[in-house]
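Next up: some structures, all given as C-alpha cells.
What follows is a pair of complexes built around chain A, which joins chain B in one and chain C in the other.
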Partner chain A sequence: MKIADDLPSALTALDRPNSYIGRSVPRPNLARLMQGRGQYVSDLALARMAHVAFARSPHAHARIKKIDAAAAKKTPGVIAVVTGPELAKVITPWVGVLSHLKGIKSAPQHAIAIDRACWQGEAVCAVVAKSRAEAEDAIDLLDIDYEELPVVTDAETALDAKTLVIHPELGDNLTFERKHEAGEVDKAFKEADAVVEATFVFGRHTGVTNEPRAIVAYWNEGEQRLTVYQGTQAPHMMQNLFAKHLSLAEHQVRVVTKDVGGSFGIKVHTYADEMATVALSKLLKRPVKFVADRLESFITDIHARDHRVKAKIGVKKDGTITAFEIDDLTGIGPYSVYPRTSGIEANQVVNLVGGPYKCPNYRALARVVFQNKNVMCQYRAVGHPIATAVTEGLVELAAAKIGIDPLEMRRKNLIPDDGYPCAGASGIKFEKLSHHAALEKLVKMMGYEKLRAEQAELRKKKIYRGLGFASFIEVTNPSAAFYGVGGAKISAQDGATLRLDAQGALIVHSGVTEQGQGTEAVLAQVAASAFGIAIERVRVVTGDTDNTPYGGGTWASRAAGIGGEAAWQAGKALRQNVLAVAASILQSEPKALDIRNGLVVDADTGRERITLDEVARVAYFRPDTLPPGFQAELVATRHYVPRAWPFAFTNGIQASYLEVDIDTGFVKLLRHWCVEDCGTVINPQLVDEQIRGGIVQGIGAALYEHCIYDERGQLLNGNMADYLVPMAGEMPDMEIGHVVSPTADSELGAKGAGEAGTAGAPAVVMNAINDALRPLGAKIITEMPATPGVVLKALGRV
Partner chain B sequence: MKPRSFDYVRVKSLAEAVIALARHGTEAKIIAGGQSLVPLLNMRMASPAILVDINALAELRGISLEGGSLRIGALVRQAEAEGSVEIAKHAPLIAKALPYIGHFAIRNRGTIGGSIALADPAAELPACLLALGGEVEIEGAKGARTVKADDFFKDLYETALGPGDVLIAIRIPVPSKDMRFGFSELARRHGDFAMAGLAACRDGKSARLAFFGVGSTPLRAKKAEAALAKGSLEEAVAVLDHDLDPPDDIHSSGKVKLHLAKTLLRRIAPELAA
Partner chain C sequence: MSAHDISLTVNGEAVREAVEPRRTLVDFLREDLGLTGSHVGCEHGVCGACTVRVDGAVVRGCLVLAVQCDGARVETIEGVSDSGAIADLQNAFEKRNALQCGYCTPGMLLAAEELLAAGGTPGREKIREHISGNYCRCTGYEAIVDAIEAVVQARGGRK
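And then the complex of A and B:
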C-alpha cells in the first residue's frame, strides 16, 4: 500500500520510462474549452435545421381530450405540429425493465403522451419551427383540452388499497421490491445492548448540468441514415435505442458526442423528448434540434433520491455492531426510466447498507413505487449517498448512545485491511479495500484530537461546531452484472484503437466518453505511457459510433478503469507492432528494442536507434524496402472488461467540520476531508477534482438541493432562483488524500473515483450537524436537505 | 425560454419616454438594467408589446446632495452606488445593503431605480428606502410628483408607479449626526434574495425598522420601533409577533421567518445603540 503523489507509480508493470501514470498532466482539451472553442451540441447548426419545442402538461395527471392546433399551425415559421398518436407511427414505445431485477414492472412510455399525461412536464405535443422562439410562440396558441385526473404523489400511501393505480394494467403502483436477509437478524438484535432506530428522509433533487440536454437529429433520406449529435454519456447505447425504436438497423444510426457540458448521470437515460426529436427528424426528413431550457430541465431531467428509510442498528456495549435493518421506500414517478430502470437505486441501497462493516446480520426491504411526479433514475453515486447516510448515521447515533468515540466504533467494526477477499452481508464481493488505513490517514490529515479540543473550548463560548464522519464503499468498473445480464444492450466492455500516424504520432480512438471530467487526458496518459511517446504527440478521439470501438461510455465510474485498461493494452500491442517494423528495418529483434519518449531505442542501453516518424515513413511510403512477406500493422485494437469481480469496489472515508448557528439554523461548512482508495491514481489532480466536485454535489443534497412538490404534483421551485444548487461561496476547503490498493483484475490497477465524493458527503454533513447539536439536547436530524427550518425545529426553536 | 416578440425603442429624452409610455399604456415596459425584467421576459411571465429603454437618459443618472437630501438617479447602477463616496457618507445604510444584492455581475447592470420600481418584497433597497424615510421622484403624463417611501410600496410588486410613470430618482434625507444604522439579512447562499432581512436606523428619539422577505412589501414594524425608541429590545422583539405575520413560502414557514426576523433584530440592536 502506498500513498499516491505526483510521481510516477512504483508499480512495476506501469513503471515505464517517461510514464505519465500518477502525474497531474493537464487535460489536452483544456485550452480549447477555456478559449470558448468547445463543440457543444447546444451550439450546433446544420443547414435546413428546424427547432422543436414541446407543449408540456401543466397537470400531474390528466387526460388529453383534444388538441386544437389550427392557430398554432398558422403562426410564422411553423413547420409541423405533431401529436403523440401521429409520432407513434414513426417510433415505438419502450418499457424500462431489466430481467435481473426480479418482478420489476413498468408501463409503455411514448415519445409524446398519447392520451394521458402522467406528470407535470410530460410532453403532449411537439411544434417544429424555423426557430425555437417561433416554436414557443406556436405553443402559446395550442388549444389543449385536459381533464384533470386524481394524482398519486405521496410514496407512503402509493400502495394503499384506496390509492388510484396509475397504470391499471399493472395491478398496483409497485414498480419493484427487493427483500434481503442474511445471518441471524432477530437474534442479533436481541443480543445487542442497545438498539437505535431512526427514519431518514432524502429529498428529491436533480443534477443541474451546465449545458442542458441537447440533441440534433438528422435523418438523411438519400443515405437512409440517421446521424444524431447528442450530449450523452453512452453513444453506443443510444445508437442501439434509436435504431430499435425507429425500426432501423444499428449501422443506419450514427451517434456523435463531442463536448458535453456535464452529465452526472443525467445524460445516460432515454428521454421522451429526445426520442421525439429523433423521430421528428425521420418524419420530416430534415435536421431537428432540441435543447432543453432550464425550466423544462427541472421538470424532465431525471430526478434522484427521494427515499424514506426506516433503519435500525444493534450494538454491544463495547461497540460491536450486531445487526442492521432497513426499510426503504422510494417514489420514482410514473415510469421506470429506460433502459437502466428506476429500480437500480433502491437495489443499490440494499447492496450497500452496512457495506464497510464486518457485521453479518442484515435485513432489508426496498420498495419502489409509481407516482405522478417527474421520473426518477440514476444520478451520480446511485444509491450510495442513501446507503452511506443511513449506515453512518446509525453508526454515529449508536456510538453516541453507548458513549464511545465514533472513530473507535469504526475501528472496531470496519472489515480489517487484511481480511480480503471477502463478501459483505448483502452478498457483494470485495477484492481489496483499505478502510483502516484510510481512517488512520484521515485522522492524521485533519488533526482529530486538536479539533475535538477546539470544539469543546468553543462550546463554552456557545459556539456549536460539529465533526461528522462516514466510511463508505463505492461501486466502480462494473462488469456485465450491472445491466448486460438483465438484457439491456449496454456494453460492459470497452475498446481502444491506437494508430501510428505517418509522422509517428499516436491517434487513440476510445469507446468511453468525455463529459468534461478529463477522460481524454487519462486516455492520453495511459496510451502515451504504454506505447512510449510524449503526450503532446497523442491525439484522442471519443464519442462517435462510426469511428470508435464499441463501448459503454461513461457511467458507474468506469471510464478510467475500463477504457483506460483497454488503451493500456492497445498501447502495448501497438508498441510490439511498431517494434516489429523497426526490427525489420534495423535487422534486429523486436525483443532487443523498446519505444521510449517517441524513439525506438536499444532495450538494454536506451541508445537511440530510429525515430518513430522514420518507422512510419518506411511503413507507409516505402514498404517496398521491407523484407518480402513482411506487412507492417500500425493499428492495434484491444478491449477490456472486468471478469474476476462483478464490480471493483473502492472505499474511503470523509469528515466534515462545521458550525451551526443555533439562532438561525444556518450551517457554515468549515472544512471537509476525504481519503479515498481508487487503486492506481492515473492523474492525481483529475481524481482530486472529481472527488471535490462530487463532495459539492453531496453537500448540495445535504443542505440545499430539493425539488419541492405540492400534494397535487406541481413542482414549486423548478428554476435557478428557487432551486438552490451549491455555490462556491458556501463550500468549505476540501483536503483529499489517497490510499492505493490497485485491482489485480487489470494491469493498470485503476478503479473508479467519480462518485466517491457524492457517496459520503451527505452523511458527514448530517453527522456533523448532529454532533454540533448534541450538547443542546436537540432532536436528531435525519432529513435532507437540512434547511434552517429543519435545524431550528430540531432545536425546538420554532 | 425565449421571450415573445416585442418592439423596442431607446428613448433619448425623458419627454420622449413619457410620450412613448403614454401611447402604449399597459402594453409598454421600461427596461433599465434588465436584471429582473429579462428573466421575466424569457420565462414569458411578462410579455410587453414594447420595451422602452431608458438607458440613454442622462437626467436619470448621477448622485448629488440637494438641500437636505441625497438624490440618487434611477439609472445609477448598483455597482456604481457601491463605490460612491456620497452614499457611503450620507446613506451608509444603503452602502451596507448593496453588497447583499445578487452578485457583482448583476450589480454591474442592475439599477437603483429598477430595484425600487420592481419592489421585490425580499429586495434590500426598497427596505432601505423605507427605513430611511426616503422619497421617490416620479415623472408621468401628468407631470412630476414625489411620493414618500411609506406610501410607495402598496402590495406584492405593486407600487405608486402607474403604467405611464418613470421613476426618476430616490431622495434620502441626510441623517443627523446621532443616527445609527443597522443592516442584516439571512440568505442561504451568498447573493440570494433574503429569507428575512432588516434595514434599520435609530437616533435619540425614534427608530425605524424595515423588514424584508417577510411579507408582500417591505414592512415597517411600528410597535417594535416604539418599544425600541423606549430602549427596550426584549419588548421590541416580543411585539414583532404583532407587527409581522410572514406567509409561508417554498423555503420556509412563516413561523421560521418570524423567528429569523426576531433574531435579526437582536443581532443588529448593538449597531443601533448610541
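And then the complex of A and C:
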C-alpha cells in the first residue's frame, strides 16, 4: 500500500478512494459527553450495590496493633467491616517485578494492609455500607491502635547502612539498579574543551485525573462470574490480574470500560483499594462500588517523576558534544507497583538521555529505592520529561558556556536525517527520525531571529524574556519487548473484528480503549477507509473483555499505531470477504470489484453494481440463492504487533517563549511551539490536541505541580486548593507542526503521539527561564517546579 | 440523620424529595435524581466539574447543599442540552474537539454560557479568565478557548 499526500500540509493518506486517513473527522462520542450522557464508572448504579470506604493509615510507617470495629459495625447502613487478614482469605498478594529488569525486587503487597502500613494513605480496613456516606460515618468510629515506626523518606540516605530497611527480608532498600556504559566516556570528557555539570531535581507529582479512580465489581454467585466496571486503560490486563489473585479462570472475569474521565497512565496499574473492592464483592456476593475521593486520590493514585539526576556533558569549542554522564536516584515508595513495576521510569531515563544526538560516549547509573511515601509508577511520558530536561538542559548550558547559539549546537549534534536506521548510545534503535527537518520547521514557524531581536530590545527596558528549546524522542508502539518478555501478561498485540451488519453498516470491535484521546474516531476512520464505507455507517465498540479481541489497551502511545493497524488489516480482509459474496451474486470476479463509499463498484470504472445492504440481505436472509458450497463470511478479525522494531521511536522539538517578573518570580508563558513526527497522521486535529494537552501537562510539572512531603512522610498539600494544576488563565496558545516519517513496520505507518507534548514541555520552560535570567547573572535553575520562590532564590533576592 | 423535605424544579420538572441535611446538591442530582451529567471532581470547590445553575446563577454543586435549594430553580447540563439553549456552543466544541475525556465538559459549557449570556464580545484573555475555575486535564484549554471565541463571534454580542 503506497503512501500518498492528501493535504497541502503534507499529512499523508493511504491511497484508497474516499480515504479518511489524514482528515480531521469529528469523534463519534462527543455529543453524548457534551450532553452529560456519558457512562463513567462513577455514574454507575446496580441493584443491591453497596459502597466501600477505607480507613487509611495516617502514619507513613506504623504497626497496626489492634482494630476495634465494634462501634463501627453497629452504625446504620453498615454491611461489613473487613480487615486485611480477613480479606487475604479471598485475594492473594502480588509482587511488582519483571524478569527483564535484572535484579528488581519488591515485597508482597496486600489488598488491605496486614500488620503494618508502609505509607500515609495505605488502606488498613474496609467498611462496606449502603451508601458511601454511611461507610465514612462508620470509619470515624473504628478504633485503630497504631504503633508508629521509624520512616525512610529521603532517597539520598535510603541506602545508608544506618537507615531502616523497610522490608527486612529484601536485605536493603534498593529496588532496582541499572548501569550502562557506551563508548570511551573518560577519554571523551578529557578531550572536551568544556565540561558542564548540574544536578537536576524533579518534583514528585501526580496525574490528577478529573474523574478519580472508580470501580464497580459484581460477583454473581449463580453464574460464578465476576463483572468489573472499571475506569482502566487495560481491560484485558486487569481481567488477568483479577482472575489470578481471586483464583478464578480468566473466562470467569469480564472487565467493562465505558467512558473514563482521564487516565494519563494513572489508570493502568493495580491499586490495592480496587483489588480490595473486587475481593469484597466476591466475599459479600453483591455489587460493591469504590470511587476515590480527591483526598484519597492524592495519597493513593500513583505519583511519578521524583528524581534527582547529577549530570555532566562534555563539549568542544565548535559545539561538538563529546560525552554524557548521569547519576539518577529515585524514591518510589514502599512497593514496586504491580504489574508494570516502578523500575521502568528510571530505566527509561537511562534509555533516553542523549537520545537525539550522535554522541556515542555515555555513562549512566540509575538507582531506585524504597521509602515510606505513596508509590510511584508510570505516568504519561514515563521517564521522558526527566531525560529530556536533563539532556536539553545540559545542551543549552553547554551552548551558553562556549558561546554558541543553542539551535546551532543542536544542528551540529543531532543525528542527521539521512543517518537512519541507527542506534543510540543507550542501545535504543531508531528506524527513521527527522530531528533536523523538525528543527528547521520550528525555526520558520516561530520566527526565531525576530524573537531574539525582540528579546534583546526588551532587555534594555528591563523586561526579561527567554527562549528555550528541546529536541526529544518518544517511545511509541511498544512490542513485546516492553512487558511481555519480562513475564507480565500485558498484551503487545491487539486485534480488531469487523462485521458487516444486516443493513450494510460496519461494526468494529477493538482491543484498544478510548480514554478521550479519540481512539474510537481513529478506528472508525481506518476501518471505513480500508473497507470503503462512509464513516457515518461505522460503529466502534471498545472496552469489554467479553466482546472485543484480546489486546493491550491504551498506554505507551499504542492505540492508533497498533490498534489502528489491526483495524486496517481487518478492513481489508472484510472487503475481500464481502467482494466474494458480491461476486457470487453478480457472477463476477472479486478482483474485478471494489467497495467505494458504501457501494460495490466495478474496480475499473467505478460503476455501481450492488449496495452493501443488498449484499448483507442476500448473505443473511437469502443464502439459499447463493451457489451451492459458497458460504458468506461477513466477519473478519485481524491482529497486529510490531515485530521489526522493539519500539517505534518518534521525534520532535519544542520551544517556549516566556517572560519572568524578576520582582515577584512569576513566569508568564507567552507562546509555545511543537513540531512533531509521529509518522502517518490519521486525524490531524486529534494529534494536535494530544500534543497541546500533553504540553500543558508538562507545563504543570515545570511550574506548578508538586507533592510536597515532610520528613515524616506526610503529604502536606494533598488537595486541589494546595496542589496547583494548570488552569486556563495561565496557559499559552500553542502552535503545532508536523514532519511525517511513517514507520515501515505497518501499512498504516502511524506511530504514537500521546506523550510528545509532556516529554518536551518541562525542558523548554526550564531552558527559557534560564535564558531569560542569564543576563542578570542568576544561578541556573535546574529544579522543578520553578515556583516564584525558586526563581527569586536563583536571582539572589530571597 | 433526619431527612428534610424539599420542593424545587430541576430542568423545568417539579421535584419533591426527602434529603439529609448533609447531602450536597451535586450528590442529590446524581444519586437521587439520576442526573449524572454533573460530575464530582474535587468536592471542595476547585475543579468546577459539578457546575450547575441555581435560579439562573452558576454555582458549584459540591458547595451548595440540597436543602438550600428548597424552592429553587435548578438547571443541569441535561436540561440545557435538551432545550437547545447551548446547541451552538456544543457544535463549536465538537467542531474544535474542545473536549477529550469529557468529564469537565458539562461544567465547562455552563461556565462558558455564563460568559456568553452576559453579552459583549470578550476576547481570548477574558475567556481564559472566565473559565479559569474549571479544570481540564486533557485539552490544554486552547481548543476550548477557540470554541468559545467562535461562538462569541457568531452571536455577535447578543445576550
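Annotations for the structure displayed:
The rule is short, and it goes like this: the second predicted complex is superposed on the first by the 786 of 798 C-alpha atoms of A that agree within 3 Å, B and C clash if a C-alpha of one lies under 4 Å from a C-alpha of the other, contacts with A are read in each partner's own complex, and residues count from 1 in each chain.
Keep in mind that, in the parts below, contacts are C-beta pairs under 8 Å (C-beta built on N, C-alpha and C of every residue); 3 or more make two chains touch, one makes a residue touch a chain.
Just so it is clear, the structure is predicted and the values come from calculations on it, not from any experiment.
When chain A is checked against chain B and against chain C, the one touching more of its residues turns out to be C.
In the superposition on chain A, contact of A:Met727 is made with both chain B and chain C.
After overlaying the two complexes on the shared chain, residue contacts for A:Asn717 are found with chain B alone; chain C is out of touch. When the shared chain is aligned, chain C comes close enough to touch A:Val260, but chain B does not. Of the two partner chains placed by the overlay, chain B and chain C both lie in contact with A:Asp293.
Contacts of A:Arg692 after superposition on the shared chain: chain C is touched, whereas chain B is not. When the two complexes are overlaid on their common chain A, residue A:Leu792 makes contact with chain B while staying clear of chain C. Of the two partner chains placed by superposition, only chain B is touched by A:Asp140; chain C is not. Annotation: chain A residues 133, 293-294, 719, 721, 726-727, 729-730 touch chain B in one complex and chain C in the other. Residues 20, 22, 30-31, 34-44, 46-47, 49, 76-78, 81-82, 90, 93-95, 97, 99-106, 109, 124, 127-129, 131-145 of chain C are the ones touching chain A in the complex. The residues of chain A lying in touch with chain B in their complex are 131-133, 136-137, 140, 293-295, 663-666, 703-704, 708, 716-717, 719, 721-722, 724, 726-727, 729-730, 787-789, 792, 797-798. Those residues of chain A that touch chain C in the shared complex are 24, 26-27, 29-31, 33-38, 40, 42-43, 45, 133, 207-212, 259-264, 291, 293-294, 515-518, 685-686, 689, 692-697, 719-721, 725-731, 733-734, 757. Looking at the complex, you find that chain B touches chain A at residues 1-5, 43-44, 186, 188-193, 195, 250-253, 255-256, 259-260, 263, 266-267.
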